């Protein structure tokens, strides 16, 4: 089980990283989403893997899984959701502004006529 | 949460508090289903929610659909459940045992007598849930239903069955 | 009695699971989307339905606890399954624009009827 | 018990929703609320300063749950100093913003208050997951502020800024997970207690986690090679926001100071001084690259951005020496570079507004109104930023050079600090003479419609006065900072203050 | 007996899920893929219910309930997107 | 106190001219003059004490930790320099009043001048080398302003930048040297340092310190090879050249060498570094001066040469040489300042400084001509003038100096330099004032007003007086100053015109003769000069700077090309390196934890995840498909949470998933629907490699972590959850109680996200973007059916149902999986479904909720729950709960955490709705809005009138 989880986390990370490195906002956003799955599961796994022992106190239960990582992951899920929402809308607005969803751009160079003349270089 | 649109006249008090009495009842029941137990406290909360939620959402369901015969409605539900079981078995058989080439798939247009939107919806749903048919679209004027049949050698018969078995019953239930 | 209960539960589970599998198989086997649409909307509904009823019986009879909230899921599924199919069909109609559709009397199917655009 | 510790977090957290609800449609009201809140924050920070100036470490157990189980806030000299710095900067920048740019988009003041809340929380918290939460608060508020007003270039830069930081947040969580998985705690003081006893077989996980966390802080602190977000972000953000962001890089530096002395410092067993070998080369490289960028910049805003990178390199160089004296010097420089960095962006913006078609490009353009005033302000700011005498930059540099003398790497550090100073001088000299001395002769089209921007000039004046103040009161300040540095290195005091009355249950689950 | 039934169910539903995955890969159209995912949701609900029976826990019921609700909503959203581009208009 | 006042006065006074300029140019100049005069007089009040050999001190603490204190002291050397600075300053101020043109901004000129003056006085009076450094750099800064005073002239700007660069670099070198020096001596106070000669010279750090300090001195005093900036600084107005570049600033380096002479001089290192540099500079400066056609250029190189001369003397390290150095400093200041002012007069009167265009001015401006002749003769070293005396002393010292065992090379070179010196001095006289004019000058010259010739005349008087009566006029001063420099008893010397037939006299004679010869054959010599290579310092400097800038730009713009991909590749690459590096560097042992068996269903779920992930990467260019795949992954992850005992996480993940999908669909409407293939194969390979390494790293860490036993605090939470937190769902109790502060931050994050989204979208409705949106044409065919009837009907039923579920999940959260956050999402999704079914405007019309306010109220409620604890003097967010009993209803629990959770709930609903509603609102901008009253039956109402 541990191997399944670890390899899944690894795969999600790898896929996320690969997509994040693409040249358009959309795959980047997808990559970020994958990365947030990966980290959430990773963080969750810090409580180790336990079957059928949810951290809900009950007289019958013999043992519980570590509740703290779950609480942390919950916070992390919410935050990454908020972040995803913002980046999606930001990507949208950026696309609307510039008409392009490229993220592999060049700096806009200063127009040639405004450049420093030779003496300005000293 | 919701405000009554200004253009509509204020409905009577009872109507305002219980825009959908049946819904309120259903919600209270659903609450009991949800909490998976029965207690006085639970019932109270269920009642409060059952009253509050329809009231809060009444703007989104402005007109109360009238149901003429509750008994017929119940019978209709039972009929449909039975048909669903049959449908599943039929379709399962088709999927498992019939070669694809032997299927008589076809489109049919089912002219509608029903006008009530709720009724049309129920009919469309029923058609989809029962043997070999999926209701795919409504005509723009709401007078016909486009249905896809998975295996209907006789399209006319299929249309007739739909109208007789379901639509006529629904016409009795909905005014 | 317990055996009967177990038998019922087991049977329901087996039947439900079988339907689930058949539905998914139909999804693979059937040749076009409209045909495929028939498979999951039915088979899987009954599949899940079977499992849900099994769960209710199980908790009621074998566990001694009344578990009726499964009904709610059934309700949801029964309410939504036709809608899902309806929408998938409309989406398919819109994206494929099939030519062999029967025409309704006055207006076209709403997916195509530009006249229904109210502006 | 004093509840003042949490006030720097709660006050803006309440003020922002009030701004959201009450003052959303009334800019005047919003400005008044925003300023009042920021002034109050300054007052609270100063009050806290008096409380901790005798060396007391105040703690605050949220929800009355003892550390390490609950979240604890810690106010010591360092955190309180950061609060004061934040408030001062925020107040000055707010003056600039209410000169009109707060109208460019929605919710400026609410976002601003949330931003302050996040920053203050990050400085106060003693729990590193809570630190993550506050990081996110300050980041997301910064996203909103960064794109305030919009425009293609700004949006594009904004997307980059957000994406980089999202990757950083991801890394943060992974690092926290790795540390938690072997240390089993989220409390910094508790971590400091546990790190020395971590089994040898678990060290790799622990140290990898800790160093990845360091990398996250370095992203915030704009250290090479994770500094790339900064120039574009700062150059394209609204000026007031870029100026406020001067404190954001310091949040990264603060976290490095806090965690890598407390938990991975002198008594960390196998992880002793974990950060040093990684941090120092990166910091020095950052210093060089930052100042190189100053020389290469084509716009004033860009120049200011690279100057900030360079100053972060310098700051972290001194931090990376991990000695009390170097830390004290670094803290002085931290105060200085925050104010000096911020003012550059404000000046760049006023210049840009007066040179339509040229903006802040380092190109020859017609003269403009208030040229002399802005030239003077730039000259002073440049003196501060390049570390020329007599302003605080020089003193900070002297302090750091002096502190680095004991290092085995003194020669390299000195050479780079002094060499990059020269590059900075050349860069700033070029920029200033092009912008303020050269002009095409004909008066610009702008002067007639020029605003006086009195409030903006006040903001610039306040920040420059801050630099002067740092210079004049360098004596008492260094005394305070020496004490601060000593307190940070006396990790026992911190641990005692946080965990003093907690009986730790032994063993693992 | 129930144990065996549950194992059977796991195998059957899992197979079903893998078939859904195949359809997801294969497509060919977006609608096919939406259908595949929709079916997957329903299979997963079944899986959760069976798991609940196996563990004798009602803890997972809400997960199934929400999946049922939200699976529907996302399917509708995908379809609405294919139909109109604008999911909410 | 008054010592400090001398330093501070010019600084304080610097404001005056800037203010007084409004009262006129005279007022401006007068105020400047007065300030300087005041400082000068203050200084003079100390003269008796200084001449008595006393050392005055004034000390204030500034930064004691650093050893940087405001300590001043006044001894002979300081007094001498301060007098020069302030005395010549008075003359310059007067001169400048008449020199500056009407359009020159005089206020700032005098302000800069006073700043400079203050800095210079500061240097010479500092008793703390760090303080001295501050003043040192201030001279660089103020001279930058002065040189660049005529900012419209490119030469001015370039000269200023060059001077700043060179002296700035020197200053930095000096900082290092001084810090080392202070480190060796254990104090930064000069008076202390001067006591530690042995310790300093014995220290291994002596040579580095010496090199670094000399770096500062040589650049400031324009010593070879740093001399090139000085001539270019001549772009400054002449008063500036006269003041800074002959009398004061360039002497700062000399001052410092003299100041530190007692502790640094006397070693071989000192001799070979300083004396050699001085000698070379003296020679080269004089040689180049001979061929400068610009009057000020000639004087500038002459200054370089004389500075070299003095440096040479100081470098010799003998007391006698030191005396000579001091004497020459005084003499040079007098004649050179006079000559600079004279050059200014010529420029002012004729409109040119080009020697080739000048000639025969003696007849036109006899006063100026006479003054120039005397001063230049002194510069040439003709007897009866002060220049002669100190030059003789220099030659005398040179005659006795051996260099690497060779005892003729130094005298020879010194003599040669003297020859050139004579030649260019006479050239100044002959080619300007005698002979016939080479052509028409731009202006017709005549003697200037007294204001311009008075100051140089005063200096020329001194030239003559000292030359005639050296012992009387300069004797006491030289003795006092030299005493201060040497720090030990003075050598036996006397200042006199006649020392007998010494070697020096012979060398002088040769110099005069050869010099005159050179001038006579000037044209031939000049040809020789022209034939040789002339490294043009300015061009070289500019080339170096340009190269530096170009390299900097290549590095900077090459690295920072604005590509997000590159930034991310670096960041992730760094994480990979740091992660693996740190892992490899530390000890690691495989975990011992007993592993969970992998159930077949788990394997299938894993396969689903892997399959969906691969599908996503493979199909990511089809954006809708990628979104579908993401949905699957999210679902599988929530399934994993279910399986691994985390029901709360599963619920949250499922809910978040839907909202995310809807949000992305809304955005995708406007975005391109396909991602083109852009990156090259190599790029993809690189990215794949980074991705694989990152995946292996994180996956490996997960493996390492999950396979070892845990250390955790969870026992406490499990124990305390019910008794301390009043809830059985420990995760929820942690969220709203143990770590409620995290949640507080978390909802704020969500709220801010919504505000940001709102601001972003609101901004998109206006301006250019708004127009773009209005003109937007959908890039895909749209179906006619906006609001399918079946959905509308179904939603009517589902909305109340979903709200019920929301309420359910909210109320139970504290004890079983659920809670405010998930409930908020459920409710929001239910509402969104309503929007989806009936359209934005229809739904919005019926739901007049201010989502901003909802967020605000939510946060405020959460905060208020926290603050209420203050009333009982408990910390923020301290919870309280109790169990109550009511008839019929039975026992129930009320907890303050519920109020907190309500805040969470409201914020979540508000935030999600604000974001989604606004996102859908901009969709509405793209078409003419139609208020859809009855979204349910588009045309039914027409065909079938409704009964209601």
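Each chain gets a letter, A, B, C, D, E and F, in the order it is written, and its residues are counted from 1.
Criterion: contacts are C-beta pairs under 8 Å (C-beta built on N, C-alpha and C of every residue); 3 or more make two chains touch, one makes a residue touch a chain.
Everything quoted here is computed from the prediction, not taken from an experiment.
The fewest steps needed to get from chain C to chain F, moving only between touching chains, is 1.
Counting C-beta pairs in contact across E-F and across A-F gives the higher total for A-F.
Central chain (C-alpha centroid nearest the global protein C-alpha centroid): D. Computed from the mean C-alpha positions, the centre of chain B lies at a distance of 72 Å from the centre of chain F. In terms of their C-alpha centroids, the spacing between chain C and chain E amounts to 11 Å.
If you average the Cα atoms of chain D and of chain E, the two centres end up 48 Å apart.
Centre to centre, using the average C-alpha position, chain A and chain D are separated by 24 Å.
In chain B, the residues that reach two or more other chains under the touch definition are 30, 34-36, 124-125, 138, 140-141, 143. Of all residues in chain A, those touching 2 or more other chains are 20, 25, 28, 38, 40, 42, 45-46, 52, 54, 56, 66, 68, 72, 75, 79, 82-83, 86, 90-91, 93, 97, 103, 105, 107, 121-122, listed in ascending order. Among the residues of chain E, those in touch with two or more other chains are 10-11, 17, 30, 34, 58-59, 61, 65, 69, 76, 78, 80, 82-83.
Only residues 599-601, 604-605, 607-608, 611-612, 615, 622, 624-625, 627-629, 631-632, 635, 638-639, 642-643, 647, 650-651, 654-655, 657-658, 661-662, 665-666, 668-669, 778-780, 782-783, 785-786, 791, 798, 802, 805, 809, 816-818, 822, 826, 829, 832-833, 835-836, 839-840, 916, 919-920, 923-924 of chain F touch chain E when the two sit together in their complex. Interface residues of chain E facing chain C in the complex, by the touch rule stated above, are 1-2, 4-6, 8-13, 15-17, 19-20, 22-23, 29-32, 34-36, 38-39, 42-43, 45-46, 49-50, 52-53, 56, 58, 61, 64-65, 68-69, 72, 75-76, 78-80, 82-83. The residues of chain F lying in touch with chain C in their complex are 781, 783-786, 788-791, 794, 797-798, 801, 927-928, 930, 932, 938-939.
On chain F, the positions that touch chain A within their shared complex are 154, 157-158, 161-162, 541-542, 545-546, 549, 557, 560-565, 568-569, 572, 593, 595-599, 602-603, 606, 609-610, 613-614, 616-617, 620, 623, 626-627, 630, 633-634, 637, 640-641, 643-649, 652-653, 656, 659-660, 663-664, 667-668, 670-672, 675-676, 678-679, 687-688, 690-692, 694-703, 705-707, 709-710, 712-714, 717-718, 721-722, 728-731, 734-735, 738-739, 742-743, 746-747, 749-750, 752-754, 756-757, 760-761, 763-764, 768-769, 772-773, 815-817, 821, 911, 915, 919. Touching chain A in their complex are the following residues of chain E: 55, 57, 59.
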